[in-house]
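Structures incoming, each one as structure tokens.
What follows is a pair of complexes built around chain A, which joins chain B in one and chain C in the other.
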Partner chain A sequence: MAIKPRVKVPKSVAAGEYFTVKTLINHKMESGQRKDKEGNKIPRKIINLFEANFNGENVITVNVEPAVSTNPFFEFQMKIEAAGDLAFKWTDDDGSVYETSKPIAIG
Partner chain B sequence: MKKITKSILAGGMLALSLGFATQANEPTDAVMTIDGVTIPTHVKAPAGSPLPELFSGWVFRSTETQAMQLDDFDNPGMIFVDQAWETWSTPEGSAGKSCADCHGEPESFAGLRAVMPKWNEAAGEVYTLEDYINESRVKYMGADKWKYSGGKMAAMVALISLQSRGDIINVKTDGPAAATWEKGKEIYYTRVGQLDMSCANCHEDNYGVMIRADHLSQGQLNGFPAYRLKNAKLNTAQGRFKGCMKNIRATPYKVGGEEFRALQFYVASRGNGLPIEGPSVRN
Partner chain C sequence: MNLSRRQTLALGGAAVTVTLLPISFAQAATDDAAAIIAEFTGGAAVGEGDIELTAPEIAENGNTVPMKMAAPGAASIMLVATGNPTPRVMVAHFGASAESRLSTRIRLAGTQDVIAVAKLADGSFIQSSKSVKVTIGGCGG
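This part shows the complex of A and B:
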């Protein structure tokens, strides 16, 4: 099943000025602490790592824990000096990796 | 502008008598911008329209509700779009196919929502988007029909509507579809229920006026499916019709039935000229 994360990044920004980046991924975030109707434990399945890299340089890394709720939303601020690509990466417990990237221009 | 003056007056009187600042949502030439897409919310009515001008339901809502729709990250309806995107590429039914197998990306449906409902030559009747989705599911996927106004249906309609965001509604009502259109029109203007009201009594004669604590809209379909803060989910047009009919203490027609489909066709055509807002946020 494909997951398509959503990100909101300005198309162009002023060099050295902070701007806001918003990301949201549609994910159940099953904590591993719930039980089904028969009393069996529902296995944990969460996004455990979120990373954003700008031109290969790390901007933010978030270790996500089971207490984070459904559809994790991350918003952060950053600044850049030169144009480039902002790459996002979400890592799932089952090893799947969801990626997307957005170009940012200086202007 | 007669009706708008009325609403301002009503708001003003209330403020006087109760000492309570009711801000009548004065419909303006407000333009909304979502993710760089500019969407007018107030347009001139095309020739032959029963309304002097067309307003999106957005202009009648409170500032806070309006703001939620201006950012896709604040619009809770977008969560359902994400879910529908997953459904889009998930194979279902005996044919083992997903929507993506035939239609590629949802973007291939750009502009479709703006001309819906439309005459389906093969079926010999007017089809809504919901009808087309269910037809595809049964005929090509070998899957079960979705509930006409259910969550999965609303989400998928929202995903397809989103591809037409900002496109001007252009529902064709002539030719073989005319009979259905007339039928829808008759339903629109027929008084029903204990309160003996027709759709027109509120949405044509009194839009902009308060109904209890809320402003009546023109009942346009350009924002559907709409995320309602009231029930925290996406609501389809026919689901809303049902709610309206209950409010006037009438027995609602069947959702997905002939009457509501004709009504949806007629009401959609009343919005010709307004842009599609995709999943909107309403109270």
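This part shows the complex of A and C:
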């Protein structure tokens, strides 16, 4: 299944006021604890890092461990003073990087 | 069935060992959690303060338990599930434009305490813990 991040960001916000950002990415988050039918451990494969940057400046970085649920969801609050792009990045155990970004205007 | 005194003692000993095993397991996990927190704080004392951890009292499904943590002014917050096989859950670092709060969903292996530790801007640490009852554990296996 293609991994497709979904983010919910307001199109325009008031400068200096906190707004909510919601993110979700469809990912199995295989914990490395589960076993298959033959009793072999299924190797760990999770998103281990989540980052959000606004105009190149870090807003939030989360070091993720296997205890985070399937389809990891993060909701946070941030504020901006000027318009720009909010870029999201998820890093997989296998080195893949999933990215998306949303423009935010001041209005 | 006739048992000699020696056999009876051996049986009793085995029974005690079996009953003690799960307890020592749980103990080890809690120690782990303490070690993980110590690693995060660098051994500094952890006080009480303005940190809020919101979790359901009873989670029907341990696979996805909603968690909300907030600590105004915190630079980073660590979340630890004391009863999980790997107690680390996440460490969130907040930049200047983010409010120090995060909502997410986590896995809990069983009924246990979840601890949030926040590192404040001045380098001190505060924590809050919450006990969550889990009806169905969330670690597979």
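As a working rule, the second predicted complex is superposed on the first by the 106 of 107 C-alpha atoms of A that agree within 3 Å, B and C clash if a C-alpha of one lies under 4 Å from a C-alpha of the other, contacts with A are read in each partner's own complex, and residues count from 1 in each chain.
Throughout what follows, a residue touches a chain if its C-beta (ideal position, glycine included) is under 8 Å from a C-beta of that chain, and two chains touch if they have at least 3 such contacts.
All values reported here derive from a predicted model rather than from experimental measurement.
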Clash-or-fit label for the pair chain B, chain C on chain A: fit
First, second, both or neither for A:A67, with chain B first and chain C second: second
Per-residue touch tally on chain A - higher for chain B or for chain C: C
Chain B versus chain C as contact partner of A:S96, first or second or both or neither: neither
Touched partner set for A:N26, first chain B, second chain C, both or neither: first
Where the C-alpha centre of chain A sits as vertex, the angle toward chain B and chain C in the overlay (nearest 10 degrees): 100
Touching partner for A:S12 - first (chain B), second (chain C), both, neither: neither
Partner chain in contact with A:K4 - chain B first, chain C second, else both or neither: first
Contacts of A:Q77 with chain B and chain C, given as first, second, both or neither: second
Three-chain overlay, closest Cα atoms of chain B and chain C, distance in Å: 12
Chain B and chain C contact sites that coincide on chain A, given as residue numbers: 73, 75
Contact set on chain B toward chain A in their complex: 35-36, 71-73, 78-79, 82-83, 85-86, 89-90
Parts of chain C lying in touch with chain A, wherever the complex brings them together: 63-65, 81, 84-99, 101-108, 138-141
Residues of chain A defined as touching chain B within the complex: 1-4, 6, 8, 11, 22, 24, 26, 71, 73, 75
Chain C-facing residues of chain A, complex: 18, 31, 33-35, 54, 57-70, 72-80
